[in-house]
Amino acid sequence: MVYLTRKAEFSASHVYHNPAFSAEENLRVFGKCNNPNGHGHNYTLEVTVKGPIDATTGFVVDLKELKEVMHREVLDNMDHRFLNKEVAEFSGPQALIPTTENLAIVIWQRLAPKLKVAQLHRVRIYETPDLFADCYGEV
Amino acid sequence: MVYLTRKAEFSASHVYHNPAFSAEENLRVFGKCNNPNGHGHNYTLEVTVKGPIDATTGFVVDLKELKEVMHREVLDNMDHRFLNKEVAEFSGPQALIPTTENLAIVIWQRLAPKLKVAQLHRVRIYETPDLFADCYGEV
Amino acid sequence: MVYLTRKAEFSASHVYHNPAFSAEENLRVFGKCNNPNGHGHNYTLEVTVKGPIDATTGFVVDLKELKEVMHREVLDNMDHRFLNKEVAEFSGPQALIPTTENLAIVIWQRLAPKLKVAQLHRVRIYETPDLFADCYGEV
Amino acid sequence: MVYLTRKAEFSASHVYHNPAFSAEENLRVFGKCNNPNGHGHNYTLEVTVKGPIDATTGFVVDLKELKEVMHREVLDNMDHRFLNKEVAEFSGPQALIPTTENLAIVIWQRLAPKLKVAQLHRVRIYETPDLFADCYGEV
Amino acid sequence: MVYLTRKAEFSASHVYHNPAFSAEENLRVFGKCNNPNGHGHNYTLEVTVKGPIDATTGFVVDLKELKEVMHREVLDNMDHRFLNKEVAEFSGPQALIPTTENLAIVIWQRLAPKLKVAQLHRVRIYETPDLFADCYGEV
Amino acid sequence: MVYLTRKAEFSASHVYHNPAFSAEENLRVFGKCNNPNGHGHNYTLEVTVKGPIDATTGFVVDLKELKEVMHREVLDNMDHRFLNKEVAEFSGPQALIPTTENLAIVIWQRLAPKLKVAQLHRVRIYETPDLFADCYGEV
């Protein structure tokens, strides 16, 4: 059993705002992140899969396939986007607030059903080098 | 003569768009950066000053003053902002396109007249860990 | 269930010395770290909390509160200090030796009872980029 | 119970090739990594041991001993080497393909029986800053 | 006048050997780097160009063009290669020894004549995070 | 003409204090750095030498010699030391205040006369990842 982790980066903007809060409450809770114009980050995504090693290749997972899934399910949709306006889970009437925590969960939910052979173990997302969230799919 | 460099980080969003270009030309020249909703980055700013060392303090520049100038002239105005909408040089009819290159020049122009004692030597701005621009105030 | 990690840095000096050892034994066991004048490091602290996401904020923990606790319980007391002389757990007759391992445990013990809402999951402390210790509160 | 991690770096070259595959299959599965001349990496190795803290030293493990074991069992044999030609597990008729995953397992198998006092917890090996494998000795 | 720097990475292997030296002299001068099987590195290349900013784009250089030149002239030929066997300047009877210094010069000579609009200012190449060479085209 | 840079790290402690200042003035000018017990840092030293490439070795400078000079002249004397008490330039009646700026100059003065073949071009010293000083030997 080995765990393999692949990093990727994407750039996106977001705003923290809860429509059920008053303007004052939004500002108090979210501070500068409540700026309605949005602001942005270079996000670093780490995807960890686990499984036994295929003796014929030495791989837990074919990296080309892993990268292809990461691009199709996450990066193609989130890179160079305003998360609150262009990403389904963070827009519309049931929108989640695009915090680092919610991004970790959303990316887990997108990747977990699409990975074949290897099993998703952890999604880690850095919003800045000093702040990151991990999701292991626990409920 | 010694050169002292201080780093700071800020998060902002931007869009690349030239109103004199057609939609097709904007997309061809700027690609994903032309998304009108904007996208964002964790910018890293490095400010380098040069000068002789003050024998009574061992400093080229008082770091508290340098940090205060960097915050007042740059970070307070650009951090957690959409550059095209909220920063003077990148909004309005004479707006510059907020590329890494133009950011380096704008930050130089803001800092150079405000530094006392030490002389501004270089402004370096990273848009991502793999891309940065330097301005030495050359014309 | 999501895990959120916040990094912070502090600078401190320390010395490794066991008064129950002879001078020769101290030098043999601790080498250069036994220099009685002390030497120092830029420590990097990573604090990980875990918990469910608050649906109204998207947060596992209010970052402002987490940072406030980290400063009050750890950084305000350890930053720019000589650990053996100025930090309670590492000075006095019952002093622990301020190794990376003991720092991880001491910081865990300071933070765990003070965190509300979210639960402390891990304290990681880097003494240098090449050496770090983790404490999960296991006994 | 505390976990201590030590990093070390080594430079090596390798090639991915399965003699049971056709030339076409090798190229399809391994891509550029199938170049028979080999190519190389700066590997970063992280070794994590766990155990209680020795009250007389404040150490989970004597770092001098840990470094000595890491050098003798791994670095002296792999640094500045072509893994497929000069490292036993990756050469000869029973050779493993020197993927990041297999390196993690091989290093675990070399270190686990040689560590005294502390217990090996994890071997992490980075092939590049964006790709790493973890082995916890699970079977 | 602004300077723009783009980073890229490639993996390659090499060996240091001067056929005019005796075996003993090669070993004495080049140490572990004289291993005839080769060993490898993750090289980081930084290419800096300088020039005025194009007012219609905000660019010193079109990044797509810069990346295309870097790939065509350097990365496509050196990535996942054994420099002494597969790269013209480092193989054959007039071969240079593929040191970090010579790599910087060779990459300068490949890029300088191919860049349009902007002017090549500096080629920096890291062999490891702790060792790098700079070439400014000085003779 | 090529520039070669080698990094090295050392850990030291220091205090900022000018005996000609009053206690209040020392505290006002130096803040937390005025703690008489000292505090410490992981310093990163970058030494850059320049020169033509030796055609028989491909080197600007023999790295073994460069490292030997860096250890003998700087690291052996400063690593794991309290700079104000154990390093000549920062102790005694003519002591300089061990700021990052003064460290850069002192290290330049120690290295410049000892380097053979290649010429010292720059000494860079990081006190933290966010603060560094450069000395080019200018007067």
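Per-chain numbering from 1; labels A, B, C, D, E and F assigned in written order.
Basically, a residue touches a chain if its C-beta (ideal position, glycine included) is under 8 Å from a C-beta of that chain, and two chains touch if they have at least 3 such contacts.
Not measured: the values here are computed from a predicted model.
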Touching both subunit C and subunit E: give me those chains, sorted by label. D, F
Counting one step per pair of touching chains, how few steps separate subunit A from subunit D? 1
Which chain maximises the distance between its CA centroid and that of subunit F? A
Compute the distance, rounded to whole Å, between the mean C-alpha positions of subunit B and subunit C. 35
In whole angstrom, the CA-centroid distance of subunit B from subunit E equals 29
Residue numbers in subunit E touching 2 or more other chains? 129
Spell out all pairs of chains that touch, sorted by label. A-B, A-C, A-D, B-E, B-F, C-D, C-F, D-E, E-F
Partner subunit B, residues of subunit A touching it in the complex: 9, 11-14, 32-33, 35, 37-42, 79-82, 85-86, 128-129
Complex contacts: residues of subunit A adjacent to subunit C: 16, 18, 20-21, 29-31, 96-102, 104-105, 129-136, 138-139
Residue ranges of subunit E in contact with subunit B within the complex: 1-8, 48, 53, 56-60, 62-64
